[in-house]
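As structure tokens, here come the structures.
Next, two complexes with chain A in common: one pairs it with chain B, the other with chain C.
Moving on to the complex of A and B:
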């Protein structure tokens, strides 16, 4: 074979490879697959919903840059439920009956997901949702929770937390449980109270306050009086910051302190938030970012969050769960080559799905699988996972001051 | 049995939160009592003032206690413009609820557009600064807030009671025709009062930014309790909201100290229901 022939063959082979590559990553074509959902783009839940919006936009863009779903482009029909579960119900009805979307993705948060679930059930649609907080209320067989907290988080999570504390340098002997009456928070705090009692911790204080409470002065005074070894704050949003700031004004720093569902940015960045503990299923450090998909997502999320003007740009549990919900939807559609809700639901209940938050399954009670929760802590102004040890950030360990 | 320190600290906490209630209720009560407008947008102006304080102090590096120097004149003008629009469109007491709710939604959207829905915290050395008085801790920002609320309430009371403008305003409310016969122009006085009310919202906003983490939906957080404060304090009475605010703040705080914190909101609304039942003439 002459050099000329070799050159021709090489060029032909090269073109064939290029053509093959081009065909596998061809731009999706045809009628778009419409995925419908709402988010609380306005109202009290808007701060967290912005995280879900960014996550969804990144995923849909990535999907369309590849081959879409089943070779078709994907269109996200996103409506604003204004943080109102009753409005979410109406909008999901509209998405199904008027917009005729092919697939449903969940709203944020628990109340709105409950509303969407009822509508999905009425129309036999599968619902993929991100962060539902009360597993025992998720009765619909075609709902698929991404936030892997297991079917009994009020038992499993406090045990995980108390295991971590028991393994620390100063295991607590007394506990104060201060909790918001927000439904998805309250039952977890009641569970923590029971688990603490079973594990022999003495209850120094138990308090409940109304969701939306703004004056934490008197509650802080009671916490200071009780002076527990460990403070469990059943907090959602800014309630944790409210209590910590009030404690600081009394010149009191809690010894070991935990916040259930805090606003992660304000708590991590506040000086009083030092060594605060919380729960997570995803943080932006190894081993979570070991996969290229997760690493790329974290990078994109940070860029988009900065562009959106968000002061705190870390991709954490909400961002991780949100992206994972889309991954689950994609996995089911790709594996079954179908958009049929029944087919998707059957496949999901008998298969595990690899996501950036870990491998999730839906074959347990109410389609819940393993509790993938981890314990994270504010260290040097950042959240890092400290427990279980195999998920801890490189070099990080639980610090008990 | 709660300790004396706990009771004392809760009393202090209630006193200070009462100062905030009073400050929030001052402009609202004046507008409701003297202009017969239930101005829900007052809460939106408070939050707008808070975000402007955040911007001026957090980004531009201004001392947060000096930000009212810039915010107050702007808000005064805004209040004047709003009152002019209410007059122009003949907004009455009932329709003012709807109109000002609409304005509130618009302001909320503007805030979210400019500062996003994410939380904003003004980090200042004053935020958690306290002085010690025996076993009690007195947070400095809240102390200043109570002093400002008291000073503004007293000055407004004196202004309405002793000045020609104040007397004219009260006369306009009681009998507009007779007041007009004496040369009082209710329209001009309404513009002035609305400007003053909006300026008070700006001042309250500065303290909200100093004490709380901000989010656009916070607008609605105080509506219930501040309405209770205004009604309990008496519409148009500049000292009433402060007194009622302190009363409610202390009651809530002591309830949190000796019983369940979740019972605290019951206190303000039970007091409100009692007043409405026993003294319906207060509205």
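Moving on to the complex of A and C:
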């Protein structure tokens, strides 16, 4: 063996050792940090819960591929609350008192979060949650909502929407507000009604219907007769599609139409959903995907969603908020180097956290900060953000037919 | 046991244990409360969510809006739910056609109506009711322990209530209603009152359960509260455990809750739910009467023995049918008298324009066997139904000791000492022979207590030759045995008048002879008998007098051999060419 050869081998061995050392130091080790939570893996909310399951799995895998949390691997103890708030409550009791998880992440959706929050409060645990829709009910000081809609979304969001419409080519003068009486929807619609009145829009129609309604024929007739410049549909899930189909049967196309919490896929893909407006905090286009983290997440999410057979595979508000909840948890633990709930809560209430949905803060009423909502619109069969302008998809602007 | 369960928090288990056990007791209470009406009486309600929800919103509204201390809201929750149930029952139970699936659909509709009212009024209005700020008195260390103890208490109350009801007159009556409500009424069971009481109790318990659950979930919304989940689960749990047993729903609720909880792990959630569903399907397929259906039938060894022969035990109210003659002394033998026991005056009844009874006048004399004959469609069975209270006459009077029975409910008429059998036997199919006959003793004219009635029932089963089949079900009997069972049931009620509706039809000649001997024996003991029959030879042999109906009118009356020769009677049976 020549000196040259020996030198090459030594260098190679040295690099190998360095690589091994480097890889050893990056891999998390020790007792896993256990994050407990429930999702509606079965039952009526299972379809949307799958979004949160995929988001959480992606985040935990990414975390463990890096250095975990505090150098320890992270284990997600996920239980199925079967879409039942009472079972969610019991399972959070189990996670805290039997499984003794280190951290808590929230269930889906508002009812289950309320139940989980009460349990977390009894045990002084911090709760990170992603889809809570009624901020004024979130009284616990250690609950941290990711879905950044601010403490008064019923005031701030309608103003954002009417700002967007006022800046459009045809600012509406009349409004029809039609709303489901689903709790997290109803109060927003009531707020929109008040804001519209304050801004001088004439109310052509105000109509409430019960959640679960399937027959929109009569409602559609009232909307057609009112013929408003702008239709606010306080819809959740497929209610928006139901109204549009009923309007189509009456040969009526609403002028400017907005849907609060629609099923995004069906509404975007329906022909009558053209130019429909809605709210969002995250969409899979720049500037949201400008960060490598968001871009990578969107890519992975689409892959997993396709693999799971989800009909609509875009990462939007639910997927964005869900991922952000984990980011917030990671940020607090990393910054404080602690798993202590009190320490985490104190840090979060005095620091902003950079997430894929933007910078979030928790120093306002009920730990809510800024309303990061945006206005999106169906254009060419896809949702794109159109307002505020700085968040609009490249080349996109609010289209008013 | 109750104290032991309630004391679990003193052992300071993990909070989860209390929370999980609370859910078990919650479903036990809810399923058991459902079974008190629906399981026992067969009135399947899909509206239990309405009464549960009424309790939930009552407690939530009183505590949040009016600041009422939480514990005080619970009785109010029960009372509101009970009033709602009784109000609905008071209307629905009067309508004979609202049984079975119609009752189930109606109660389901009540749930939707109530949900709409709650959602569109200030009770909720849309945003839901949040109870986080409601103070809960602390038992043991935490508020969660208090909720658990309340759950245990209401579950024990529900199971205890079901146990008491099942063993009481109320329960016996409800089981009879479940099997054949019309027969139960004519046998003396106050069906309307019993259903109403059971419904009220069932709803009261559901309301209290709802009140407690409001504080458990903290946030009460219309969508969650009035969802179809509650009625579906309680029905499933009750049927699984055995809806006709006081402990069945508790077993079913425990089974389902534990099984549901067993598969909450994220990896197995969907598979687990499928396993739960398949298990339930399998149990329902192979145990249609539920787990307690296997042990629900009474065995002879547990029963009260028959009294020794010769002992007189038939209570006041009957006064006639006694054991006296069975020992051969025949001291109680009676014959016909001229004193009318029942007098029908101008009795009319029409069905959709068809005049079934067109002003019938006749009397049944005390101690006689009166034959009632006539061709098919002449109105014989209608007349029996009118006398026994199954139908109310359109006009006319039916006097018993001068008291008009025409508009009395069937159970009151039974209580006055009128019993009947059916042309096609209608025993309660899911009750043993002994229970069938015991019921008659408890609710008929005899009005005996349970023990006495059972002793009498054994005596009458012995009388008709069915003593050794006391623990059998009626479906195990042949036709003539079922006819004799009906006789025993009629006799056990201590009747003054027995209406025998074609008791001989379908019997073999040997069985007819046996039946005639029994009828003679019944009369020998002092009962008055209205004997409806087509077999004229038996009528002639057996009866003291005969009345003949044709087209709803009385066409002949008198001694049997005279009457059957009358041209009108011959014409009615054979046509005018033979008259």
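Operating definition for what follows: the second predicted complex is superposed on the first by the 378 of 401 C-alpha atoms of A that agree within 3 Å, B and C clash if a C-alpha of one lies under 4 Å from a C-alpha of the other, contacts with A are read in each partner's own complex, and residues count from 1 in each chain.
In the analysis below, a contact is a pair of C-beta atoms (placed from the backbone, for glycine too) under 8 Å apart; a residue touches a chain by one contact, two chains touch by 3 or more.
In this text, all values refer to a predicted model and were calculated from it rather than measured experimentally.
Engineer: After the match on chain A, would you call chain B and chain C a fit or a clash?
Structural biologist: Because the two structures are overlaid on the shared chain, the partners are seen to clash.
Engineer: Touch test for A:134: chain B only (first), chain C only (second), both, or neither?
Structural biologist: A:134: touches chain C, not chain B.
Engineer: Kindly classify A:114 by the partners it touches after superposition: chain B alone (first), chain C alone (second), both, or neither?
Structural biologist: In the superposition, A:114 touches chain C alone.
Engineer: Tell me the contact category for A:317 with respect to chain B and chain C: first, second, both or neither.
Structural biologist: Touch status of A:317: no partner.
Engineer: Which of the two partners, first being chain B and second being chain C, lies in contact with A:217: first, second, both, or neither?
Structural biologist: first
Engineer: Could you tell me if A:122 is touching chain B, chain C, both of them or neither one (first, second, both, neither)?
Structural biologist: second
Engineer: Pick one for A:84: touches chain B only (first), chain C only (second), both, or neither.
Structural biologist: second
Engineer: For A:208, decide between first (touching chain B), second (touching chain C), both and neither.
Structural biologist: Touch status of A:208: both partners.
Engineer: Please work out whether A:67 is in contact with chain B alone, chain C alone, both, or neither, and reply first, second, both or neither.
Structural biologist: Neither chain B nor chain C is touched by A:67.
Engineer: Contacts for A:249 in the overlay, against chain B (first) and chain C (second): which applies, first, second, both or neither?
Structural biologist: first
Engineer: In the superposed model, identify the part of chain C that clashes with chain B, out of 2-10, 92-100 or 308-316.
Structural biologist: None of the options clash except 92-100.
Engineer: With the touch criterion stated at the top, can you tell me which chain A residues are shared between the chain B interface and the chain C interface?
Structural biologist: Overlap of chain B and chain C footprints on chain A: residues 41-42, 181, 208, 210, 212.
Engineer: Give the list of chain A residues in touch with chain C in this complex.
Structural biologist: On the chain A side, the touching residues are 38-39, 41-42, 53, 76-82, 84-87, 89-91, 93-94, 96-98, 110-111, 114-115, 118, 121-123, 134, 137, 139, 181-183, 186-187, 208, 210-212.
Engineer: Help me check something: in the complex, which residues belonging to chain B touch chain A?
Structural biologist: For this pair, the touching residues of chain B are 2-3, 5-6, 9-10, 12-14, 16-17, 108-109, 112, 115-121, 127-128, 130, 132, 137, 139, 212-213, 215-217, 220-222, 249, 252-254, 256-257, 260-262, 264-265.
Engineer: Could you list, by residue number, the parts of chain A that touch chain B in their complex?
Structural biologist: Where chain A meets chain B, its residues are 41-44, 46-47, 49-50, 83, 181, 207-210, 212-215, 217-222, 225, 238, 241-242, 245-246, 248-251, 263, 265-266, 269-272, 308-312.
Engineer: Give every residue of chain C touching chain A within the complex, in rising order.
Structural biologist: 14-20, 22-23, 26, 115-116, 119-120, 125-128, 130, 132-133, 142-144, 213, 216-219, 221-224, 229, 260-261, 263-266, 269-270, 272-273
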